[in-house]
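Chain lettering (A, B, C and D) follows the sequence in which the chains are written, and residue indices restart at 1 in each chain.
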């Protein structure tokens, strides 16, 4: 006689909360999610193939456009791979500069995450407050390299340019002002009962399961696994920096929120330390103008804002890579969405897409 | 017969026309105030282009909505799709019939209509269209009809998002009508009448707003604060405003029940939503905040001073003063509405339901009991 | 490493909606802060010295004639192949100079590599200008030849 | 009835009958429900004409505002409409329903003819001070025991319905 049927819904690709162009096929029982199936590929631009057809200098331009929220981290990991192929090291001052810029970019990226995540859950004002602070960071980045998002700032052997006059002072000013702003976000969200209700115990994933999915970055640490590339295999001058790796205890959306907020505080500390320790000197080591690394292959990882960014390069001795592959943390993290979403309400799916902090440019490449 | 016709047909018609006109204007500027206020709270500026600081923006918006193409989905039920914005709009407007905007009535002297040489006798025009002895119930009954508009809009669009939005809204409005009604019951008991005019007059007699009703003479024991809180929360939920704006939660359901609406039909839905907001604020002001009574009401000396600050206009001055105080109260209540929207995240559907059924309804029942108890003890 | 604290609401805070009111206080304070909005066409953004706008050509008073030596390096490094250069013998001195220089803004990604590789002294012949308004009515307007590349873009004045 | 209310009554009665007829003849359940709402409204309007404002408001509040919305809810949820599925069941059903209608009309007519003068009651008492007081006095003073008994009965049936509906879920 009477039976129930599942309702199928297409969340995206045209939808206000899909962070780019993601499509999620949802099967609902009432408002409860029975099954969710992310469909990707709407933003595919063939960055990896382009990396095999453009030379090493040109390919960096494409890395800007993969994870457009955190371009400097993408630049950095790619250039590190090229440097490893070439067998050169960055100039000491440049290494500090890279850390400063990468950490600022991490703060900016986390701010975008917080902004969109809060907006997904309905807190409008946090969105604009976060973008105000991000604007300050983007101004710093623009002041350094001339572009806000598509930075193209790092070169094999060091940095393209030194910091302009007054830049370090401005960066310090930002770091001084930032904790007060973070406190405001805490007042609006951290202890807010609606926010807690919407995030606590939503999308719980255990450390073991997170590892088996291959999740990295804040999402993994929120599940209590202490793995941060900056600590595990330090690159650049991270071994000289003192910072804390925040871990979560439950592994739910609220933990992921707390972990990322704490990471912003730690990133700020790293920036301050690096600014204080930065030596004087040239920013570029001697590197041939035409980059022609010897034949060989490398795989380099570093810690992006979303997790472990990886680059795999195979050189055949010419100025163009034989193989160029990028490991995107977002892609791996998104895999866990069906697992996280199962049994939650349809409103939670947007919170979960938000909490995974995906950038579709990075997933589809 | 003719006099009756004027008294019972012509005057109410004019009143209705005036209320609709003024309220539509209010809605236009409420939208602008919403955009401006939320912008200020988000360190933005809001509309700045049309007119001085965007003051003509509402007019531009109306023109835009009027000229927009009316899109009806192919699989939609055309008739229901057409009438649901109207169904949404009519109850919202009909509720204004019982609202007393000011206490003193206007005296209109006898005059002659020139062309037809018709003598209109002297009239006393009140600020309300009808003073029903069941005014509050009328408000509850009529406002509960708005849900049809939402439900049918969602169903007739033949879209899954619209459908989910309308189902949510129906459940939400039905469940929050109960705490809304319960919070009103205490006021009903205090006033001893369900007429909105009677309720304000009862406050005038009591010498204070019902919000500050202090039973047993204890100065800072104001049980109606709970009533106000209950009413306000329930009204925010009834009007589908943040943080309870689930039927149109844009991050989940795109735009909820009005996803498939455009142009004039969308404008109607939009108007109805804001009319309901104004209505809820009016009811709060009348029930708890003393309606047209001045803000200083109950403070000796000041009360008389601000009761009529246009004494040279006589009765009309008092009427305008009352109108001003009511408008001020409504404006403040609406500002709180918008403030909430600028601050809070959105509840989830099940949380909203449990808040309504597990907290607000028991609280409402307890509130009625407590008020009744205090009234009994007082004798 | 350290485990983040998960705050719990105390009963007192729960009952009196303390944290909700605190949140409202934050938005209320922001009400009175100066807006960060930039009224764009009316107010112009502050351009920082290193800003990378659209690439343009320039000459230098120390060098006679056209600064560009048609070495094609910018055209080679360009990841989007948006530069076309044809050379001719220099009118003054020896070497080459640009005869045709076409820049397709439609494809340009503003990466700045062309400026970086330009070998001319004392300034690079192709440089990242501070112009950023690229909207045109026709796509063909985005193809710029040498004459247009030398001209600074006229800036419209917005009164309103 | 006064001179104004007679034409009004005729209008509302006609609308009510029209709504009722349309309700039973529509194939689309949602349309039927909407016509039923129309009928309920005209009945409420007739209550107003009879000076039973309270009853009119309650009619709208309970039937139109509450029960019919739940009806719509159920119609939406049960299954999407399949056009053309509803069939005309032939003469047998028409005969049966016509017969029932005639019997109902006879019964009602007989009742009203028999007891018309007595049923009018005392209209002046109804008009005094609004009939909300009248209704509440009747319900909560004179008939408090039956009223409470009925509410307990309703509560029990409600709980029973919930228990039956959730049987399969092991509650």
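The definition used in the following text is that contacts are C-beta pairs under 8 Å (C-beta built on N, C-alpha and C of every residue); 3 or more make two chains touch, one makes a residue touch a chain.
Chain identities (UniProt): A = NADH-quinone oxidoreductase subunit D; B = NADH-quinone oxidoreductase subunit H; D = NADH-quinone oxidoreductase subunit J.
What you see is a predicted model, and the numbers here were worked out from it, not measured in a lab.
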| item | value |
| --- | --- |
| Pair with more cross-chain C-beta pairs in contact, given B-D and B-C | B-D |
| Remotest chain, chain A as reference, centres from CA atoms | D |
| Geometric centre distance via CA averages, chain D-chain B, whole Å | 29 |
| Distance between the centres, which are taken as Cα means, of chain C and chain B, whole angstrom | 50 |
| Cα-centroid distance, chain A relative to chain C, in whole angstrom | 24 |
| Distance between the centres, which are taken as Cα means, of chain D and chain C, whole angstrom | 71 |
| Chain A: positions in contact with at least two other chains | 125, 129, 132, 188, 192 |
| Multi-partner residues of chain C (at least 2 other chains) | 20, 23, 26-27, 30, 36 |
| Residues of chain B engaged with two or more neighbouring chains | 41-44, 342-344 |
| Chain-level touch network, classified as line, ring, star, complete or other | other |
| Contacting chain pairs - touch in the sense defined above | A-B, A-C, B-C, B-D |
| Residues of chain D touching chain B in the complex | 28, 30-31, 34, 37, 53-54, 57-58, 60-61, 64-66, 69-70, 72-73, 76-77, 129-130, 132 |
| Residues of chain A touching chain B in the complex | 7-9, 15-17, 31, 118-125, 127-129, 132, 188-189, 192, 194-195, 197-198, 345-350 |
| Chain C-touching residues of chain B, taken from the complex the two chains share | 37, 39-45, 48-49, 339-340, 342-344 |
| Interfacial residue positions of chain C with respect to chain A in the complex | 1-7, 9, 13-14, 19-20, 22-23, 25-27, 30, 36, 48-52, 77-79, 109-113, 116, 128 |
| In the complex, chain B residues that touch chain A | 38, 41-44, 160-161, 164, 242-243, 245-246, 249-252, 254, 341-351 |
